[in-house]
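Paired with subunit B in one complex and with subunit C in the other, subunit A is shared by the two complexes that follow.
Then we have the complex of A and B:
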């Protein structure tokens, strides 16, 4: 029974996603080639692409998307690796880990707003300088929305680096790094060098998918780019959203063509990255085995810790800034603190958001639960039956991450309407699964596959069947990555705005639909309230993911990472 | 086409669900002209009003309308808060694509201008109905052309007005006691005070409005703007505008290398002392911002000499709305003197009323006389004349050319 269930899991997972994903893709492909009967588009045509390529901002927008996406991913990964290499197992590392993990639950847009308030020419840092320098007006310099997207890259890094760090921490224990490092260091390798030579080559394949996800996300990010990114022209994803929201409905054809181009761009970014991986592994092959013990590691270690701490500090200070804004009265430049304080924003919006807390968490629990069951079942199928061909088709799962949501959703919405489920809680949960599953899969699959198969072999040899092996050996060993994957999934679910609105038809409001609508008024006081409420909702699963292993393994020293 | 191909791709389960779902029966709908029947049908209905949720006072006003509708007509009003009206348009479009021609999820949309023009052109609206509302009699379309022409597009009974808005500028009197009152003076002022003025990036609605306002002032023949753009000499009409913008742009905030995305961002820039002049398409914007602690109480409003652009906010009913009768009841309620007086109060929305005082009873007029004046709100006399909108085709062309000139070259 259990056997056949796991055997069917990959097919079942694909089937569950096939409808939504193909519908979403069709909803992008068809209008990109001129097909959208509801708008009178009944013939295949290349006109949408002609219009797209006729837009004068295109070369720059494309360049920006690619550059900011690749740079944000590279910096996030480099910092993650430097922090782990330089400080893993130290007290500073534990402190940094504690500071960075909660940052995952801060919504991207909230982190971006917080960062913007810190670094803007009229922001907190400038206000600190204003008093001694005697500014009564902020300097007219281009920090936010800079043409090269540097502040956008910073905004992405402060959020993506903690994600990669968490993924790394989830994957590490299975590699048993302490032993390898001890051996390497005993042979005289420096700490960082040892890490790069004996851990990283084995670790990277395990966090490759999360890295790809970060890249795909960064190339196609909209909300952070709207807050921190340039606008003349904006990155392609923002422009696609603008066309999609243009009152002139004919723009939707161009938007669909732009979405396809963005998809191509994401794929191109991934290919470039893959090329970089291959080149780097070739170039480093000699270095890895040449026996250099490494010296001058101090600056590298300082760099990692410094930027890690800076990144945590930026997000935390930004959050504190938003928290103060949420209770601020009048607060003008160059005042460091508001002139007056008021609870009005909380009194007005607190109750309505509190009322939506329960439903938001229910949807998050259901969708991440379903996603986790499907994911573990697929991975078990792979372990037990070697169903690689079935799981290979699972790359389809990642499509929702690669295609920009705004273009993907109209097709999904049509599918929801055709299924008759539209506007129900079930439909909202189902569509969340579509967007949550890729994260569950990419968080869990690598650690799952990397688990030493000898554990299972020993269990079998001791007479245990596959079920007992799964429940009593594999699952406990993988408790931490499983919970991490579930927490990431739940946080992704909590953050879904457009899917909830589009499939819920306004009948299933959540914390996030409410928060984003309220925040669209642009008042930092309201943004502060909504951002804190959203952070709270997403924080709960992360807290559980940290707490449960700590409790479960309180007397299992070897199960604590490091 | 897309519908058929999509059905083919849908998994069997979905297709099966499709065939089992009973077709939604088109209920016998009350004729808008038979108001008693509309009221009878509306009772017990739930109306989903999709409206932008970013304004505190609008949300509170919609709540208040909901309570009134429940008490007086037994209609339940649900405010579906959006971050962009386009989300509602997308929804109706998806429903049409899926063939859901009845029982749609949206009953009422807060709409105007380009969104209305697009939905009307695509046949996505129900009607005509708005001129059959009992309270329509309290308006005077002959005296207020904005009630029947939305951005010059005839409304033809497909949307019902509920509030008047006008382009109004604001300044902080402590930083800028005497603001410039024409586009020419504004450019001169910016030249002396570089970096202290900006406008939302077109095609943002407010940014485009700013371009149109400037065009009306600098173009040699403003009457030509009411013609479709391809019937006028576009190059000659807009040349002075581009000259004016070329001179202004280097003196803008960030030298025109970046622009705020929308009106909300501009208020924030004002609050952060980054700029000295802002504007909004709402005569009460400055008073609202003061009440919300966003701006200091030294901020005041002003308008440009020669009048400013103005138009009406409307509500429309999608062609496939589920509770059309209930939606009409809400639209009629919005036109009631009680609701209009509340809306016009600066403590609530501060929009201008769409009613004609001459058509109201003395008691009803008194409701409006009692409205307090907002701290930074201009009186109707101070607001001055409303300029007619150019034909919508001008806006599209202006936005396109603006983007090519200033929007893609940092």
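Then we have the complex of A and C:
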């Protein structure tokens, strides 16, 4: 039985990933071409697209989506590369590495709210400038939700750069960077130049898929764009959501057409990026071997570290800002701190918050639990039957991260309506699994494959079968990476907005949907409470993942690292 | 005997049944008159010691020995067997210790005893002495061979050290 479960695991996992994506895409495709019998759409027509292209805001919305998506990806990647090139192996780098997991666990929405509180005309930065500049009221400039989407780009970069940095750190050791760098430096190359010439060309193919995922996410992001992005018109993804939620149900057709356009836009963005990759590798081929040893490295290193630290500081200060607002009494411009402190916001919203907190964590625990079972079963199948996924399977794994959520979730919602499963907790958990699973697999697969196979050989030689070997040797030895993978998965689940909104049908509210519902209201105190609770929900699993192994292995020196 | 890359460890892996995918095995492996070629690894009862002791770092020293002991021995009898085994290798009272706190020689002895407690029908050695220093090396080598002889176990040692090969006192086959 156990044997057949591991054999079936890869197929089951693929089904869990691809089933919802394909069903959802089909469910979006039909109404985009006028087919939705429930709303009277019984004939194939191009009317939805005609309506879409007739919307005057379209060129601007499309331009915004593409520009902010490409810019956020480019800046995130450039900073990641600069930080690694300039600082790998130094103490500053280790410090940044430590800040990485907490940074990653901060949900997108909470980070965006925090950033908004910092850069708004009445935010901390303006308050800081108010004294020397003599402002007595918030300056009348459009920083937040600026028409070019610059604050949106900033909001994306502070979250996507840590993700790319983590992916880079995971890929680096296999390239043995220290040896290559030492060789190049002995040949007289500067540290940054050496990194660009001998590490980056081998590293980039390893992090290409994560970069594509960042690009696809940034082009089609909704939650961060609702908080930091421009409003009229908003990026296309936000506009599609508006049409979806329009009381006029006929707007659903236009929304479906918009969702397909967004999918096409994402594909176009990816193709554009791929073109850039090819051009850059052609252009740099000569440069790589032309012998230039590099100069002006100091400023490049300072740039990388400066912006890296700035982006970490923005997230941290943002969270502190949220915390202060949540307990602020009267807080007038341009005072740096409130005049009084009060727990009123927490008291008033506490019971409701606690219920949301519980539900958010329940969904996170269930979805990451299912994802972890599927992931370990797949990895165990690799160990036992040599069923190792190829490059193509890796693409499939990334599919839910590459296809814009808003392109297939509306379709999936229709499937949910038809089956009567929409609006149930189970359906929300199931759809979270789709987005959680790739992260569970990505974080667990490397440690799992790296475990010394001779431990299993010894267990077999001692007469233990595959299942005893799994439960009594492999799993305990991998407790720490397993818990970390579960925590990453749980944090991803906590941050999910669109899946919860669409599949929950408004009947399964979580901290995330609640926080976003408050975005337009602008009551900073309750936003502070909700976003902090959301951050807490994402952070709790990480704390457990640190605490449990430390307690379980307090008397086992050999288990302290790894 | 043979230089690195000549397939010594692969040979042992084929006998204990953990041959990596990509290798094919032809011929038959017979132990004690029964063919084990197609048995799953855990039913072959072929004991193995590697260059690293590979004590399970999450278990105590006693836990490691218990892992090797067949499950039919229970409760007090089981504990006594483990204590006796520890006494036998000069590590009395070490049952609760963290394996990471043992010296190299102590670890090697625990690894050997863990293997023997599982009741193997043969003992395979994958350069198990090469990491020990010269004095310990002689002691552990003597201990392993003495135990194997006492239990009447056939031993297959792979090594690239002529001294190890000589001291085994058996037939020497050169690979590669």
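Heads up, the rule we're going with is that the second predicted complex is superposed on the first by the 369 of 562 C-alpha atoms of A that agree within 3 Å, B and C clash if a C-alpha of one lies under 4 Å from a C-alpha of the other, contacts with A are read in each partner's own complex, and residues count from 1 in each chain.
Note that in this section contacts are C-beta pairs under 8 Å (C-beta built on N, C-alpha and C of every residue); 3 or more make two chains touch, one makes a residue touch a chain.
Keep in mind that what you see is a predicted model, and the values were worked out from it rather than measured.
*Asks:* For A:247 in the superposed arrangement: first (subunit B), second (subunit C), both or neither?
*Replies:* In the superposition, A:247 touches subunit B alone.
*Asks:* Of subunit B and subunit C, which one touches more of subunit A's residues?
*Replies:* Between subunit B and subunit C, the winner on subunit A residue contacts is B.
*Asks:* Look at A:411 in the shared chain and tell me whether it touches subunit B only, subunit C only, both, or neither; answer first, second, both or neither.
*Replies:* first
*Asks:* Let me test your reading of the model: by the given contact rule, A:286 touches which partner, first (subunit B), second (subunit C), both or neither?
*Replies:* The answer is neither, since A:286 touches no partner chain.
*Asks:* For A:452, using the defined touch cut-off, is the partner it touches subunit B, subunit C, both, or neither? Pick first, second, both or neither.
*Replies:* After superposition on chain A, A:452 lies in contact with subunit C alone.
*Asks:* Quick check on the superposed pair: does A:472 touch subunit B, subunit C, both, or neither? Answer first, second, both or neither.
*Replies:* Once the two structures are laid over each other on A, A:472 reaches subunit C alone.
*Asks:* Answer with first, second, both or neither: which of subunit B and subunit C does A:295 touch in the superposed model?
*Replies:* Neither partner.
*Asks:* With the two structures laid over each other on chain A, which partner does A:91 touch: subunit B (first), subunit C (second), both, or neither?
*Replies:* neither
*Asks:* Please identify the positions on subunit A that touch both subunit B and subunit C, taking each partner from its own complex.
*Replies:* Shared contact residues on subunit A (touching subunit B in one complex, subunit C in the other): none at all.
*Asks:* What residues on subunit A touch subunit B, complex-wise?
*Replies:* Touching subunit B from subunit A are residues 15, 18-19, 22-23, 26-27, 30-31, 35-40, 42, 56-57, 60, 120-122, 136-138, 140-142, 144-147, 226, 230-233, 242, 244-249, 252, 328-334, 340, 342, 348, 409-411, 413-415, 417-423, 497-498, 501-502, 505-507, 509, 513-514, 516-526.
*Asks:* Which of the residues in subunit B end up touching subunit A in this complex?
*Replies:* Per the touch definition, subunit B meets subunit A at residues 1-3, 5-7, 9-11, 13-14, 17-18, 20-21, 48, 50, 52-56, 59, 78, 80-87, 89-91, 93-100, 105-106, 113-115, 117-119, 121-122, 194-196, 201, 203, 253-255, 257-259, 261-265, 267-268, 271-274, 292-296, 396, 403-404, 406-410.
*Asks:* Can you name the residues of subunit A that touch subunit C in the complex?
*Replies:* 386, 452-466, 469, 472-473, 476-477, 479, 553, 555-559
*Asks:* Give the list of subunit C residues in touch with subunit A in this complex.
*Replies:* 13, 16-18, 21, 40-48, 50, 52, 54-58, 60, 67-68, 70, 98-101, 114-115, 118-120
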